[in-house]
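The following blocks contain the structures, represented as C-alpha cells.
One chain, subunit A, links the two complexes that follow: it is found with subunit B in the first and with subunit C in the second.
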Partner chain A sequence: MDSLIIFLVLLALGFVFGKLAESRHYRSIQAREEMLVRLPATSCKKPMGNSTPISHAELVHGHVVISVDYFKQILAGLRNLFGGTIQAYETLLDRARREAVLRLKESCPTANEILNLRIETSSISKGGGDRIGSVEVLAYGTAIYYQQASSQHSRS
Partner chain B sequence: MFVSNIEDIPGKTIKTCYGIVSGSTVRAKHVGRDIFASIKNIFGGELKGYTELLGESRDEALGRMKNQAQQLGANAIVNVRFSTSSVAAGAAEIYVYGTAVTVE
Partner chain C sequence: MNYQPSLPEHNDNVSHQHPVREFFVLITGVLAFVLMGYWALGFFVDIAVGYLSPEQEAQLFSKVNIDWDFGEESMPEEQAKLQSLVAAFKPCLSLPYPITVSLVKSEAVNAMAVPGGKMVVFSGLLDAVSSTNGLMFVLAHELGHFKNRDHLRLMGRGIVLSILAMLAFGGDAGISDILASTINLRTAKYSQSRESQADHTALQALHCHFGHVGGATELFEALKSQEKGFDFEMLHYFSSHPELQQRIDDLRQLAQELGYSAKGTKKLMKQ
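For the complex of A and B:
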C-alpha cells in the first residue's frame, strides 16, 4: 500500500512539474529563436549565395543534457506494450536539439553564418535498470565572420 | 590554432597535411551529481551537473587534440568530428578527431 502511494505521488509530481518545465522551456526556446533568427545555420559546407570575403572561422559547439519526468517514463513504458509513437520522447528530443543549437548560436553572437552544422544525440544514463533517463545532444559547426560585414553588424 | 569542421579553413589555403590528430577523455559522474540527477529525473528538465561535466570533458579532449597538433608543428585542424559513447554505466567517453594541417 505504501509503495503504491509513493508511486502515485511521484507520478503526480512528475506530471505537474514536468508539464510546467516543458511549457516554460518551449517559451524560452521560442523567444530566443526569434532573437537569433538573423544568424542562419546550415548543413552546407560553403557559405550560401554571397561571395563576401571571410575574415576568420572558428569551431563552435553547444550541448545540453535533458531528462524526462517520471510521469512520461511510465507513459512511455505503457506505450511499449502496444507500440506506436511515443510523443513524450519526441518532445524531449525536439527540445534538446533546439536548445543545443541555440546554445551554439549564443556562444558566437557576432558570427555571420554557421556552416556544416552537425547534431549528435547520445543517451548518457543507460545501465540504470529500466530507466531510460536522459539524453545528451551536441551541436557543432564552423562559425564564419565576413570581412566588412562585421563592422556593419556592430552598428546595427 | 584554427579549428573547423569543414574540409578547409575559409579564407585560408592549406599548405601541408600531417594526418589524423585526436583527443579523448573518459569521465565518471560523481555520486553527488548522480543522486541529484536521479531526483531531477522525477521532475524532468535540464541536468545542469551533467551538462557542465560533459562540457568540461569536451574542452579537455579538444585541448589534448590541439596539443597533439601543436607538437606536430601544425597551425590548424580541419574536418573535426566529435563522438560520445558510454563505456560503462556512469562513465562517458568523449572523443574528438580531425586532420592537422598548416594553413596560410
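For the complex of A and C:
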C-alpha cells in the first residue's frame, strides 16, 4: 500500500512538473526560433542562390540532453505492452531537436548561412537497468560567412 | 533559389491527445486483462488443489524447510497441550493428515495453517482467549483451513500473482505495485470467503466436541474491544479476513440455523 502511494505521488509530481517544464521550454523555443529564423539552416551541400564569395567556413554544432518525466516514462511503458505510437515521447524528441538546432544557430550568430545540417539522436543509458528515459540530440553543420564589401570582418 | 524565412504554423510532429486520458485507457486495459488472467489461473489452482492428494502435499512440503523466523519455540508444555486439543478434534473433523502444532512466542494474536500439515500458533493468542472453548474454536478454524485446503489455494494464488507480475512488467516496480494492489483486493475478497467457510467448519467441530458452541465468538469479541476507537471501515476493504462484527453475526446466525446452543465455557488454565 505504501509503495502504491509513493508511486502515485511520483506520478502526479512527474505530470505537474513535467508539464510545467515542457510548456516553459516550448515558450523559449518559439521565441528564439522567431529571433533566429533569418539565419538559414539547410541540408543543401552548396550555398543557396547568390554567388557571393565566401570568406570562411566552420563546423558548428549544438546539442542537448533532455529527460522525460516519470509520468511519461510510465505512460510509454504501458504503451510498450500494447504497441502503437508512443505519443508521450513525441514532445521530448521535438523539443530536443529544435533546441539542438537553436543552440547550433546561437553558436554562430554572425554566420550568413548554415549548410549541410545534420541531426543525430542517441539515447542516454540505453539498455541500462535504471531506465532513465533521456535523449541526446546533436545537430551539426557548416557555417559559412560571406566576404564583406567593407574591410571589417564579421567576426572579431 | 531564395531563402524564405518562415516558421510552420502547426507543429505536426507532436500529437495533441491528452496524455492523462491515454494513461487511463491503457492502465484500465492492463488491469482488466491481468484480473481476467488472475481469475482464470485462480480457477485452475482450485482444480489443481483438488487433484493434489494429502500424501503428495506432505511429500512436496516435507523437503521444503521454510525458515519462518517467528522466534524461538520455547514453551514445550503449552505446545503439547495445544497438540492434545487439536487431537481431540479427530472424531469431529475428518482431516487428510496429522497436524503438528508449533507454539511460537510472539505478541501476535494469530494462528496459521502452513502447507505440509503444520499449524503455527502465536502465544499472544493464548493470552487473548480466556476459555478452552474459545481457544479450541480458533484451533478448529485453522483445522478447517487444512480440511478445505485453503493454505494451498492461497499459496497457489500467490505464486500465480508473482509470476504474472514478473512476466508482464519485469523490473518496472511502479506498474507492478498498481497491479499488486488491485489483485490484493481480489485476493482479500477471495480469502474473506475462505475464512468464513473455515469459521463454519470450526463452529460445527466445536459443537461436535462440546455439544454446544459457547465461546465460539470469544476471540472476535476480545479483538473487537481492542480495536475500538479506530476507523477500520476502509482498512477492512483491504483485509484478508472479514470484519469482526460480521464474523460474530455470521457465527450466531449459523448457530441459530443449525440449532446449536451456547452454554457455559471452561476456563483456560494458564501457567
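By our rule, the second predicted complex is superposed on the first by the 145 of 156 C-alpha atoms of A that agree within 3 Å, B and C clash if a C-alpha of one lies under 4 Å from a C-alpha of the other, contacts with A are read in each partner's own complex, and residues count from 1 in each chain.
We take it that a contact is a pair of C-beta atoms (placed from the backbone, for glycine too) under 8 Å apart; a residue touches a chain by one contact, two chains touch by 3 or more.
Only a predicted model underlies this, so the values are computations on that prediction, with no experimental measurement involved.
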| item | value |
| --- | --- |
| Partners on subunit A (subunit B, subunit C) - clash or fit | fit |
| Touching partner for A:A57 - first (subunit B), second (subunit C), both, neither | first |
| Contact breadth on subunit A, by residue count: subunit C or subunit B | B |
| Subunit B versus subunit C as contact partner of A:N116, first or second or both or neither | first |
| Which superposed partner A:E33 touches (first subunit B, second subunit C, both, neither) | second |
| Which superposed partner A:L4 touches (first subunit B, second subunit C, both, neither) | second |
| Touching partner for A:K72 - first (subunit B), second (subunit C), both, neither | both |
| Touching partner for A:T91 - first (subunit B), second (subunit C), both, neither | second |
| Which superposed partner A:S43 touches (first subunit B, second subunit C, both, neither) | neither |
| Three-chain overlay, closest Cα atoms of subunit B and subunit C, distance in Å | 13 |
| Common interface positions of subunit A, toward subunit B and toward subunit C | 10, 72, 131 |
| Complex contacts: residues of subunit A adjacent to subunit C | 1, 3-4, 7, 10-11, 15, 33-34, 37-38, 40, 42, 48-49, 71-72, 74-75, 77-79, 81-82, 85, 87-88, 90-91, 93-94, 113, 129, 131 |
| Interfacial residue positions of subunit A with respect to subunit B in the complex | 10, 13-14, 17-18, 21-22, 25, 45, 47, 53-59, 61, 63-70, 72-73, 99, 115-116, 118, 120, 122-128, 131, 133-134, 136, 138, 140-142, 144 |
| Subunit C to subunit A touching residues, read off their complex | 1-3, 5-7, 11, 13-15, 17, 19-20, 22-23, 26-27, 29-30, 168-169, 171-175, 177-178, 180-181, 238 |
| For the subunit B and subunit A complex, residues of the former touching the latter | 2-7, 9-11, 37, 40-47, 50-51, 54-55, 58, 80-86, 88-90, 92 |
